[in-house]
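Each of the two complexes below includes subunit A, the first together with subunit B, the second together with subunit C.
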Partner chain A sequence: MLLDVLQGTEAGGFILIQDTVSCSGRGILKCFINAALKRGEDVHVLGFESPETQVCAGLDSSCVQKLHFHEGFPDPLGWKCTSSFTVDQFTSQHITQLIKDTQYAKASVLVVDSLSLVLRHHDPVVICQRLQELRKGGVIKTVIGLLHSDLHQQGVVGIVGHLASTVISVAPANNERHGVAKTTRRTKSGKVMQEEEYFSVSEDATLSVQAKLRQPGHVQKEQDVSEADPTSNLTFNLRLSEEERKAKEKVALPFVFSQEKKSALLRPTPGTGRIMYEPDANDDFDEEDPDDDLDV
Partner chain B sequence: MFPELNSILDSTPDSYKSSDFILVSDRRADASFLIHHHLSFYLRAGCKVCFLGLVQSFSHYSAVGQRLGVSLAQAREKGQLVFLEGLKDSIGAILQEDTSQETQPLSYLRSPGPRLEGLFRFVERSVRQSGDGDANESWGPPVLLIDDLSVLLSFGVSVGAILDFTLYCQATMCSELQGNMVILVRCEEEDADDEEGLNLLQRGLVHQCNLALHVEGLPTGYCRDIHGQMEVWWRQRGETMYNQRKIFHFKVHDKGASFFARGTSSAVL
Partner chain C sequence: MVFHSQERLQPINKTQRVTPGHLTLSETTQSTPVGAGGGLAVGTLLLVEEDRYDSYSRMLLKYFLAEGVVCGHELFLASARDHPDEIMQELPSPIVDDVAGMKISEGQSQPSDPENPDTMKIAWRYQNQPRVQTALASSVRFGHYYDVSKTMEPELRQAAKCHSFYQLQETPVTTESSPLPSPYHALLKSIQTVIRKEGFDGSTPQSKVRNVLRLGLHSLGSVLWGDDVCCKDNPAHCHALTTFLYALRGLLRTSLSVAIVTVPSHLIQVEEFGNRAVMGRIIRLSDTAIALESFRGSEKEANPLYKDYHGLLHVRQLPRLNCLSCEVPDTKDLAFKLKRKQFTIEHIFTELLSSALLVLTITAGEQQE
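Showing the complex of A and B:
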């Protein structure tokens, strides 16, 4: 499913890539940028956390002119007044204007690296509103955001995740060369699909995906452990012959309440006393057996 | 500087990686010996060092540096070392009548919404400053050392503000000036509700860094011959998962520290 999302078979939407300290999501982000560039789409990157050289390293050089990098990185808060894009300018009007300023702008892809910095400086609800405005605005076809899920409260991560049409969470796998990506996709009809896959990112920003098999532990090689037979190599005999086995199965266990025992107990044996009971006027004598409904 | 650590990290004063952000963290242990190592390492490599000493006095570092073979006083006089003495200057900053100075380095102690912009500008000024007229003073790439960053949380600075500060420092020191950064931060025990805490700060810094050195006590308890374990985590920023993590044991001596692979301490072998 990850490759489907990457190829953009479902047009548009908000794709959220969640990562943690153990596994960075920038590799997948780069693959998305690369895939969009290869499709000929205009990609606008708001880089707050990484320099342009790092984000663009390994991208397909023939399409790089379609990539517009808005440098927030050296100065995302405007302290040095040298930045072309600060965190405070993350509004739908500003971004729409920025995209319209590029020539021949058609449906573009907006990449935010990363949303964590934006959420640190603005109210999450406001940011969600702005993201929604950007999606509905018509100028932007797809929004892709990177979020460090271990730097925010769960509620904040949840809010942004709900807004997204696709959420990809990356985690480390046992194997160092691969990571595990859990993709949750919400279609327009409301259906939610989830899949977990192994992935790896190559030097030239291409994604290779391997389906994760359902049985846990299947990745490790199956260890052939031949079970040792405990009844062998003993000085005494623990095995049963056929007749012994049949006799064993015939034995009536002492505390199992079988049908024969029940009828034997209920049959009056000779010599026991009989109980004569004559109910009084006040007695409430019920003929029914109160234990009748027991399933013994 | 510790030769064994140099071989583990594959760096010497003559050849070391530049544009590196090294994060030193500890949990219920003291990782300041690593700060002393890096201080002597970079002074020996001839770099221009800006040291924000927020928790100890200059004489403390000077004394330890002497044992490791570098003279901090001399470096400061020559202009190789710029030392911000946080302890001594804090009183002055708090008692200062003049509140207009937003760009003072310790302005976070006073301003209502503490931002570390002033501290960042101090750092920037120190590393961009070239020698005053001395022709033979060309130092190597600049290095920023901070000991320790988590104390700012106790001053009311928010985790977000500290992360912004380190982002700016990284942008200036590592990306622009091709220098290095070494920051010490302290962690605490894992807590369930960890919204604004040391661990959040540490996680944010790990996201940004290239190399994380984490010092902890031994999980099995106190040992006389092994003072703790250090986890070295090589992170390649921007690449996904091929990160390497290794754990070493160490013992701190009077004049250095020795590092060895797990299970190979002289007490065991």
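Showing the complex of A and C:
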């Protein structure tokens, strides 16, 4: 599923990559940037935590001109006034203006590296509202954010995850593979899909994914027992041969009517059953109720 | 509370009188929670605690609105995340059961074709009955059924009057003396305006057939409503949501309206915060409160007891209307299942499992001796 998300082209999505100190998600972030560049989309990267050289290393050089890096590192808060984009400028108006300033921008992808720095210096409620405005604004096609989940309280991670349409949590794998990614994808209709996969990121920012085998303790698939044929291994014959079947179908049934009578009977009649009672000479029709004299 | 004398009351669109002075709206989930009396009472508030990914609570909201469209009620939909129009476009399509009527009219002229697999040889009297005799096709019933795989026809949807409130498009209004933060204040004002303008509080003359307003408020308490109860230990507006619900219930009681409110309780009740009391207050401030717990993504998914269901339904509170106490159900173990044509809520028997285990341990002990 991770590769589907990588190649996904639906608009208005918010992809959140959650990582921890033991396994970095920046590799996957680079893969997303690379995939978007290859699709011909304009990618705007707000780099607060790493320099441009580190993020752009290994990316496809033919489409690098579509990448717009707004350097916030190493001065994200603007103390020395050396960075082009500070954390305070993370507003929907400012970012929308930044994107509109690029020429011939069709589908723009906004990558935030990382959201943790923004959330630590601003009110999470306000940041979430701004993210929602950016999503629904119409100028940006997809927002991809990196969040260090061990830097925040569980509540903050929860609300940003709740806002996202796809959440990818990375964790270290206990073998030589790079890591384990747990992807949760929520579609518009409310359907939720989850999958855990091993992933590794190569030098040229391509993602290779391997499905993770489910552990036996988890959902046990019922063994498909092939149903035994009940008509076999019997001392008498329960099957029909071809001629026997034809002869059976030719048998005239006792209540077979002609077509006209059938359709006449099928016509909806007013009223259903009516009981017509004609008293006999022997029938003693007494109006009185025989239980009248009961002393109950 | 509004008291009416029964003679002067006119029939109100698609409602049923359960007890004197008490109207009920049809509830689409026909296997209703026990004690709910088979419907939502007019003037009450239903609180739904969302499941983790907001799939089934959103489905309940859509059922509620779809029922309103089919019954001809007016709708009010407020949302902060997705535009109300998007939610309206996802409403499920109602199942119309005129299959029997259709078949009889065309069955007459059709000659019985031996190659036609539909003609029956022996049971030909049942030829014109609908192929699947569903229990849904009853002539007198309260509530409708919906097919989740299809969306409602645009003509049917647009025939219903719908007022919407989309938080993202509202301009923030500075509220000087209001105890509520701006988004909740604006929402409350909007609801109040609609109720007054459309006359749900009785301000229009009695000659017009009175209708009911159905309010659907999606995901109140989430950050997109400007509420920080989900993410902070000491939220700045810790009483925002509770004040809003209190004012909303006042509006509902004095008008012919019903509200369903969904709340992301899993975000509010985070372990490390002391906000668990907030959920208790929110539940007290509503009339009926249920919580949906989906199995998706949790360890309960592997439990064989739950394999036929999609989640658990917890009844947090039952309404106490016009009485001191409510009917307490026998068992509170309810599970739900979303099928294509029905949202079913059933009892699950957890006692059997535990008693079976008890028997097994006793017999094992005897054998050892």
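Simple rule for what comes next: the second predicted complex is superposed on the first by the 211 of 296 C-alpha atoms of A that agree within 3 Å, B and C clash if a C-alpha of one lies under 4 Å from a C-alpha of the other, contacts with A are read in each partner's own complex, and residues count from 1 in each chain.
Here, contacts are C-beta pairs under 8 Å (C-beta built on N, C-alpha and C of every residue); 3 or more make two chains touch, one makes a residue touch a chain.
Just so we're clear, the structure is a prediction, and the values are computed from it rather than from any experiment.
Of the two partner chains placed around the shared chain by superposition, neither subunit B nor subunit C is touched by A:N174. After overlaying the two complexes on the shared chain, residue contacts for A:P76 are found with subunit B alone; subunit C is out of touch. Legend: residue contacts after superposition of the two complexes on their common chain; A:Q153 is shown touching both subunit B and subunit C.
Of the two partner chains placed by superposition, A:S241 touches none, neither subunit B nor subunit C. Using the contact criterion defined above for the overlaid structures, shared-chain residue A:P51 touches subunit B, although it does not reach subunit C. By the touch criterion defined above, A:V192 lies against subunit C but remains apart from subunit B after alignment on the C-alpha atoms of chain A. By the touch criterion defined above, A:L163 lies against subunit C but remains apart from subunit B after alignment on the C-alpha atoms of chain A.
In the superposition on chain A, contact of A:N233 is made with neither subunit B nor subunit C. Shared contact residues on subunit A (touching subunit B in one structure, subunit C in the other): 153.
Subunit A contributes residues 21, 23-28, 30, 49-51, 54-55, 57, 73-77, 79, 117, 120-121, 148, 150-151, 153, 170, 172-173, 176-179, 200-201 to its touches with subunit B in the complex. Residues 117, 120, 160, 163-164, 167-168, 171-172, 175-176, 195, 200, 203-204, 206-208, 235, 237-243 of subunit B are the ones touching subunit A in the complex. In the complex of the two chains, the subunit A residues touching subunit C come out as 123-125, 128-129, 132-133, 136, 153-156, 158-159, 162-163, 184, 186, 188-192, 194, 217-220, 253, 259, 262-263, 265-268. Note for the complex: subunit C touches subunit A at residues 53-56, 58-59, 80-83, 86, 90, 104, 107-108, 111-112, 121-122, 124-125, 127-128, 168, 222-224, 226-228, 230-232, 264, 266-267, 270-273, 296-297, 301-302.
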